[in-house]
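I've put the structures underneath this note.
Shared between the two complexes below is chain A, which pairs with chain B and chain C, respectively.
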Partner chain A sequence: MFGVYLIMFLIGFTMPGMWQVVALLAFYCALGQSWNIFMGMTGYVDFGYVTFIALGTYGMALGVQYFHQFEWLGIGIIFIGIFLALFLASLSALLEAAIALRLRGAYFAIACIGINEGLRYFIEGAKIWGGSEGIIFSGALLKTFGREMANQLTTFWADFAVFMVAVLAAFLNIHYMRSKIGYALTAVREDEDAAKVMGIDTTKYKTIAFLTSGLLGATVGAFAWGLKLRHVFPADVFVIYYTIECVVVVLLGGAGTLLGPVVGGLIYGLSKYWLAVIFPGFQLLIFAPIIIFIIVAFPGGIIGWVKQRIKGTPLQRYIE
Partner chain B sequence: MALLKLENITKSFGGLMAVNNVSLEIQPGEAIGVVGPNGSGKTTLFNVINGVYLPDGGKVIFEERDITRMPPHKRAPLGIGRTFQIPRPFSSASVQENVAVGVMFGTLSGKVGVDESLDIADRYVELVGLTPHRDKEAGSLTPVEKKLMEMARALAMKPKLLLMDEALAGMHPKDIDEMVVFLKKIKEEENIAIVAMVEHIMRAVVGFAERVIVMHQGKKLVDAPTAMALKDQRVVDVYLGRPVGE
Partner chain C sequence: MIAQQLAGNLMHGLLLGGVYGLATTGLSLIFGVLRVVNVGHGAFIMVGAYVILTMFTALGVSLMAVAAIPVALIIGMALGFFFFYTVIRRIMNAPELASLLVTFSIGILLEETVKLIFGTEFRGYNWDVGKIRLPITTIPMTKAYAFIASIAIAILLYFWFSKTRVGTAVRAVVEDRDGAGVCGVNVVWICGLSFAIGIGLTVMSGVLLTWFIPVGINAYMGSAYTLKSFVIAVLGGLGSPYGAFFAGVIFGLIENGGYTLFAQIPGVAPFPLTVSLAFWMLFFLLLVKPTGLWGGKR
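Moving on, here comes the complex of A and B:
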């Protein structure tokens, strides 16, 4: 799994013109894995997940925009941006956990969408953080770092950081699966009431997974949308469409598996990219039936299907 | 000292009084059969004891501690184990992992790591005779195997009080006799008070229980040593139809 990332990184680094493609793939892999840590392990579907990515983007924007006037901070403003991204995301994650995690199934999904939309209109209506005009901080970046360094930050380091988040998400996924947290969450997913009676503090473990997943999403947002694009508008970031992309990535690859989101991210990212190159304008028309076909043919996702096929063979222990 | 004391427990759902002013005591290491027809309040009583439902009135006292409002996940480590009428395994996990969950979260120490829990789980898997199925997904077991697995999972929590909801329903009479022998052995070895809910398998009640509590329409009808309870005229009238053994 880490091998896959290494190969992707090397391809992007050595082949001219491939870096953008690889960065796009890393973005989907990172998001898929981050979303999967919560959904795959608990069975709760968070349709408002994009809230975290959006708040991460805002964190980075606020950090750079409001702190660049303190020149002595230098590169520190990026770290302040990350810190704010994590801070805003944990605040919203804990709040959502307190309210929405008490609900199950469709009610949970709807509550999360509600919070996402509410937050967007709150920012626009109350005119905080620039309201609907958003924050454009490319100027602040230029002023602090100069043209060359700012360019490097936004074109190389932002993508590189997304890569690192993907690796971190994989690492956390493995760690959780093998620790008590994984056992507790499996129990929650299979039968939450039985889990409680077995002595599992279900709220605690659900919150851990929710928070982890949210913080990873916020970091992806801070780099891939914030630092890379250098602006944030509420109407662009609080968009459920991106949650759907996470869902598709995870379902394609296999929910609750380690490799699933990576395979899903690769397939989704690659086909989206190539279809846009080959049939510009028609990509979604062609893309939708392909996704429907894969999900109908492999209900457990591609990794889920492979897992079923190799069950009981020596290959089994290589796929999780 | 009583292990568990219920004082005037009342629980209703809408207009239905599921449990009506029930008081009882359970001593450490006792074997008790709770019998009564469908809808007599047995399952509700269990759910009040392990915290799935909060009672509308009355108190639940475990080892002299008032646990009436304590959430279920905190009660389990105190020593309250439970098996379900329809087994509720964590289907995608293996038998060993299911039992290990009991070790990890259901014991008071709470400091047992994953690997150690899996080792300890092996002992309980063996105890119920499921070692050949150790690595199977729990969802793929037969109904009887699932019941045994639940049993191992509950025992792995090192309970002082084990609530068994219809543990014997649907079993072959031969298996029931084996199970009764097994339960008695476990009870002696680990000093667990076992409260088994039984709807209509009287041979199990006679074989296993030292004391019988008969529930009827949410109320405790009779609470007496087994032989006496089953001869009680009220029990014969509302529940048995004719005395057991005739």
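Moving on, here comes the complex of A and C:
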């Protein structure tokens, strides 16, 4: 899997014009993996996942906008932004975990949507953080770093950071799967009540996975939406549609598998890119039936299907 | 002054709430019978809005606005049967993830198809049949009709559930799917019928909602209603159509009352705050009483 990332990175680095495509793919791979850490292992569907991405974006925006007046901080404002992103996301993840994780199935999914919309309209309604006008911080970036450096930050380093998050998410995924946490969460997915009776502290492990997944999402948001686009509007970031994109990426590749989100991210990113080029404006109309077909025909995703096909052959070792 | 404004807005809220209630019964019926949350709910409301828009603007007769109701029901049920037998039947027993994603994709499919046919601009129509003047407020007749029609449909639904054989079978499936199957109920057919009726009700409520708000008809108008319907469905106890109807009325009252009160606070935007309030309410209700305000055990 790291080989895949290495190849992607080399393609983006050496072929001119490909960097944007690779950045898009890295974005989807990173999100898919982050979402998969919680959902793939526990079976809980976090439909409000975009909350974390949005809060991450806000963290970056707040860090840059409010701290750029302290000139001695320099590049430090980016780190403050990341810190704020992580802080906001962990705050909301812990709150959500403490309350919503008691619910199961469809109830959990709806509660997560409720939190997402509640937060969005609260920001708009109470007019905090700029209200519905959002925060535009491209000016602040220019003032602190100058044109040259700001350009590099937003075009190259932001994408590079997303790439690094994707790699980090892969590491965490492997680590969790092979450790006690992974086994505990798999037990939760199969039968939560039985897991509880066996003495597994399900709440603790669920919270750990939820927090990890949320923090990774916030980091992706801080870089891919915050630093790269240099603005944040509540109506643009708290959109359930982006959660669905994560879900599609994971389901395409195969939920709960290691390679799944990466394969799904590559396929989804590439097909979205090409559909937008070939049929501009119609990509959703074409995509919706494809999604329905894949779910009905291949419920295990591509990796799940491959896994079943090569069961018992020596290749099995290489696919997880 | 504020008291009068509040009373007037609450009156509007009551009327709108009835229509909200009808818009949610479909969602609750589908969840109750199939255990599937229809995330594409709003798209079907949008279809209803386009049904009346097309009939009304094409023919321009008042009668068409009324005739749109049965047409909407038929179109909705046809869509419901089509999606049930092609897709929903196969993922009914799959994990939530599959059904959530499939219904969402169906919603996108409808929205994009409508966008392709009608374009992206906001549309509206004007159906004026007089007003009722009350001491506190003035109510357009169309709003009163929408409320009356919602109640009539809800009562019909109630009798269909409680008095007919098919209605009893539906209730049996809600109670215990396997048990009903053992007793000779054709579970797949009942699920298909319930799905079709649920979608039919939803499309029909789209017609009634545009009697209320005849402007702003757009391919993407549905998502706001999807989220409102979730709040209402939870308020009434997920899977209970009557609960949903009464919860709709309560939601309409809270929405309009909250708006009037928030508008008194300077420096805030009252409309988003009201919506926000609704979602926090949803969140805490799910926590405290996930079976809804009226619900017993689930």
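As a working rule, the second predicted complex is superposed on the first by the 320 of 320 C-alpha atoms of A that agree within 3 Å, B and C clash if a C-alpha of one lies under 4 Å from a C-alpha of the other, contacts with A are read in each partner's own complex, and residues count from 1 in each chain.
Simple rule for what comes next: a contact is a pair of C-beta atoms (placed from the backbone, for glycine too) under 8 Å apart; a residue touches a chain by one contact, two chains touch by 3 or more.
Keep in mind the model is a prediction, meaning the values are calculated, not measured.
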Chain A: partner with more touched residues, chain B or chain C: C
Contacts of A:Ile295 with chain B and chain C, given as first, second, both or neither: second
Set intersection of chain A contacts, chain C complex versus chain B complex: none
Touching residues on chain C, where the partner in the complex is chain A: 31, 35, 37, 87, 90-91, 94-98, 100-102, 104-106, 108-109, 111-113, 116, 223, 227, 230-231, 234, 238, 262, 267-276, 279-280, 282-283, 286-287, 290
Residue ranges of chain A touching chain C (in the complex, touch as defined): 39, 43, 45, 47, 99-100, 102-103, 105-107, 109-111, 113-115, 117-122, 124-127, 131-132, 240, 244, 247-248, 251, 255, 282, 284-285, 287-289, 291-292, 295-296, 299
Of chain B, residues touching chain A in the complex: 50-52, 71-74, 76-77, 82, 84, 88-93, 97, 100-102, 104-107, 113-114, 153, 157
Complex contacts: residues of chain A adjacent to chain B: 178-180, 183-184, 186-187, 189-191, 193-202
